[in-house]
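One chain, subunit A, appears in both complexes that follow, with subunit B as partner in the first and subunit C in the second.
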Partner chain A sequence: MNKIEAKNVDVYYGAKQALFDINMDIEANKVTALIGPSGCGKSTFLRCLNRMNDVIDICKVSGVVKINDYDINQKDTDVVRLREKVGMIFQKPNPFPKTIYENISYGPEIHGIAQSKSEMDNIVEESLRKAALWEEVKDRIHEPGTGLSGGQQQRLCIARTISIKPEVILMDEPCSALDPIATAQIEELIDELRKEHTIIIVTHSMSQAARVSQNTGFFHLGKLIEVGSTDKIFKNPTQQQTQDYITGRFG
Partner chain B sequence: MNKEERLIKRYKAEKRFRFYGKAAIFMALLFLVVFLTKIFSTGYTAFQKTWLVIPVNYNADLLYLDPDKKPTTEDINDADFYEFGIETFITLDPDASEDQIMELKKMFAFTFERELKYYLLDNPDSFGKTVDVKLTASDDLDQVFKGNYPRDIPENRRRASDYQLKIFDKLNEDGRVISEFNASFFTNADSREAELAGIASSFMGSLFSILVCLSIAFPVALLAAVYLEEFAPKNRFTDFIEVNINNLAAVPSIVFGLLGLGVLLAVFGLPRSTPLVGGITLSLMTLPTIIIAARASLKAVPPSIREAALAMGASRMQTTMHHTVPLALPGTLSGTIIGLAQALGETAPLILIGMVAFVNTIPGTPMDPAASLPVQIYIWAESAERGFVEKVSACIMVLLFFLIFMNLGAQLIRHKFEKKWN
Partner chain C sequence: MNEKPHTVKSYEDQLKKLNNDLVEMGANCETALGNAMKAISTNDHNLADDVINSDMVIDNFESQIENEVVNLIALRQPMAVDLRETVAALKMSSDLERIGDLAKNIAKRTKLINTHLPNNLIEAMSRICILVQKQLKIVLDSYLSRSSDVAQTVWESDEQVDDLTNKCMEEVISLIKSNMENIEYGSHLLFVTKNLERIGDHTTNIAEQVFYLVTGDYLEGERPKGSDSELTK
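Let's look at the complex of A and B:
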């Protein structure tokens, strides 16, 4: 079953069109990688899926984006409820300048998920465990999250996101600021998270896309050139442009 | 010109430039040192006060009280301490003529009646006995004792007469002239008599004005800044507002005084000369300073923090209240303190709304008439009496103390609480 269906999505930044008629289906509980040269609109598309483009004044989105068969681009869509279901991890780790505990308890708190302190403690521990961070920070969860290393900060952001159990997690180049070891840890984590979440990851590293994803979409100049199983895209693409990009002839 | 010469010339130019820079800094420091030295050397004596300790006979007859009965508080309050005081002063020179008695009286501050009465109220056992009582010396003798008045000029150009000086010197020889910390400078309101004048009224006036100013300017400015920075669409209209806030910051303060006079007093009929009106007027002045500081601090909060909160499903309001504003608060607070320090030193608008009136009571609320510290400086600087000269400097010292204190506080907040973003 398709978790997300995008139909005829156009995005404009002011007069400049950034996405052209995107149609894409995303399967549940799989990792979908979005690849393509920089500036081709991967992030823009990702942000269409949790309406983060709303924040940018000049950005206008049209078309239909259905999540669980519900069109999120309607006027009366509650973006708070939407973002509770669709979490996001950013390129640069952005923990709140608060303690590790507070970073994770924030989401459950504003959505009223935990009824008691002990329940909150459980959520914090569980989220940190799922983000493979618990063992490293369990003795200092009341220290600032900003004091962690880059890789730990990114896992903290992942723990923060999964604390409210989103169905979908969007990741925008989550490893681009990290060293290879931290990157490997996150990739391992992504594979684990796939069991409970649908994951869409933007990456500029084709090897990463090949390692972590089951499906891949290739973007170029604001258009979705080709989408299919990662295997097929990397081994046997139908489009010449995809072939050229995969083999490193441009991008 | 060959290469070598050009090089030498360039070095020389650089050397000259460095010298000019150092000279400029030296000049600035020199002015500061001269200014502070002048203020301190004239002002420090104001913190000392001269007292004359004289024997007082709390004789029942002199006070027209019943000698056989211990006087009640009421009896003492009703007694005439003026005549009693005169009788007491005569004991300093039993042969004094009528004129000389008047001169004796003028050696003391006019509060001698009160001081004599309070001594008896506080020490009821002194009734019927002769005791030493400490009385405030007159301004003239205070200045003589502090060495501010030359004694060797002709008598007719002197405020203290030869006769007074003779009595004074005799008292001094007997160790009956003492100089103590001038607490009344801090506890008294303004007075026409320099030896009694204090800054309590103007201090409270300034305090109330600043509090009124803070309680209006801070919330309004914070709301305005948050709205402009976090919620308002970026369009021509908000650009226009932004330009005008900057313009507002450049408006001379006296214009705000006129506004206070024309609107707050004339239209709304708020009470004249009060810290309430002063504070509102100052808040108009402080508003743009705080808005600009708050906006700069809000701008400095990285967008990634807002994105993080929004992506967690926080509403815009929650994002602002839970994350952006708390992170911008230290910068806003330090800007606020700087703005308040400016307001504290402001004189012109307060003069226009009448806070320049002579106030000899200490205001208990912002609705009572009051002066303010800078206006007090202005009022005293206008006075002819020598006794006020040291008061002016002392008042400047107090004002400077608070200004430096506030600026240090602002610095501290900035360094200690402001988050560094990498």
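Let's look at the complex of A and C:
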């Protein structure tokens, strides 16, 4: 079943076109990896999925992006509600300069999800458990989140994102600042999270795309060259450009 | 797909070396098979010894290719066509090594038979051998030219080898029946015939690998077999 359907998506930064007629279906409860060289448009496309491009003045998006069959590019879309449903994890862990507890509780609080202190405690614990961080921080959840290691901070950000139960999680190179062990923990987590969420991950690491995703899309110069099962893309891609890129024959 | 060179030249060189080693290993197998057949046809023990001794070279190629493949997987993580090249090389080297062993076995039996064989048997075995040699050459050429179509023709023609094998075995059995004193060398000849048929099977395996390497697909369906004789099952 498709969670997201992008149709004829074009993106311009001023006069420069960044994405050309992107058509892509994203399956629910699967991990979809977006790969391609720098500047190919994969992060721009990712940001189309929760209208993060709105914050860039010169950026213009056209086309249709449907989530649960609803076109999020409609003028009356409530982008705050949208971003509640479509969470995002960035390249560099960005915890708030607050305690571990407050990092998690902030979202449920402003969205009015928890009605009582004990309910909030439960949300914090459940989110940290789902982000595989609870055991490591349960004795110091009132200490600053910024005191954690890089990998722990990224899992804290994931816990913060899932605390408001988004349906879709966008990840923009979530492991590029982490060591291999922290990367493996995040990758294991991604596999767990897809049971309840649909995940789209932008990564420069093709081996990471191969490890964590079920579907992969290859972008080049603003175009979606090929999309298909990760298995097929890495064993026998259809397009020559895809093959050249993943086998290191590019440029 | 026509492949451009890799950005990383040392990776390109490693894949080229794997390709070249496999081609050279294949050439050694062709020579071993030709010499083994010549040795048994002419009762030439020196040539048989050459075949026996040179099998070590083929075995060494297999170890070397296995080592190169493991290194490529561990250090380069090949993808797509490179992954198929690497996996196919491992499997093809294993088939070539078996071809070398079977040729060596024919050479060993040459020394045990130690007699000039009747012409009709030499001709019957030669017919299989010529066909198998031809198939081996074509399949190695298809590997070099990355031609899946040519590989498929080899795969489809294995039944001819089976038919010639059946005919040859019938002639050997007639020889044994005509005079039970022939049973010792007749038994060796049954093995030699079977060895040639097995070389044909390994050649067909290689054809499957070339097809997979080039297309990323597997040859579908049951491999074509010759007449349904118990002898070649």
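Going forward, the second predicted complex is superposed on the first by the 250 of 251 C-alpha atoms of A that agree within 3 Å, B and C clash if a C-alpha of one lies under 4 Å from a C-alpha of the other, contacts with A are read in each partner's own complex, and residues count from 1 in each chain.
FYI, contacts are C-beta pairs under 8 Å (C-beta built on N, C-alpha and C of every residue); 3 or more make two chains touch, one makes a residue touch a chain.
These figures come from a predicted structure and were not determined experimentally.
Once subunit A is used to superpose the two complexes, subunit B occupies space next to subunit C without a clash. By the touch criterion stated above, A:134 is placed in contact with neither subunit B nor subunit C.
Looking at the shared chain after the overlay, A:207 reaches subunit C, while subunit B stays out of its contact range. In the superposition on chain A, A:234 makes contact with subunit C only, not with subunit B.
Of the two partner chains placed by the overlay, neither subunit B nor subunit C lies in contact with A:12. Comparing subunit C and subunit B on the residues of subunit A they touch gives the larger count to B.
Per the superposed model, the minimal spacing between any CA atom of subunit B and any CA atom of subunit C is 34 Å.
Those residues of subunit B lying in contact with subunit A across their complex are 233-234, 302, 304-315, 318, 322-323, 327, 419.
Interface residues of subunit A, counted against subunit B in their complex, comprise 50, 52, 55, 57, 79-84, 87-88, 90, 92, 94-97, 106-107, 110-111, 157, 160-161, 164.
The part of subunit A that touches subunit C in the complex is made up of residues 206-207, 210, 234-237, 240, 242-244, 246-251.
By the touch criterion given at the top, residues 1-8, 11, 77-84, 215-217 of subunit C touch subunit A in their complex.
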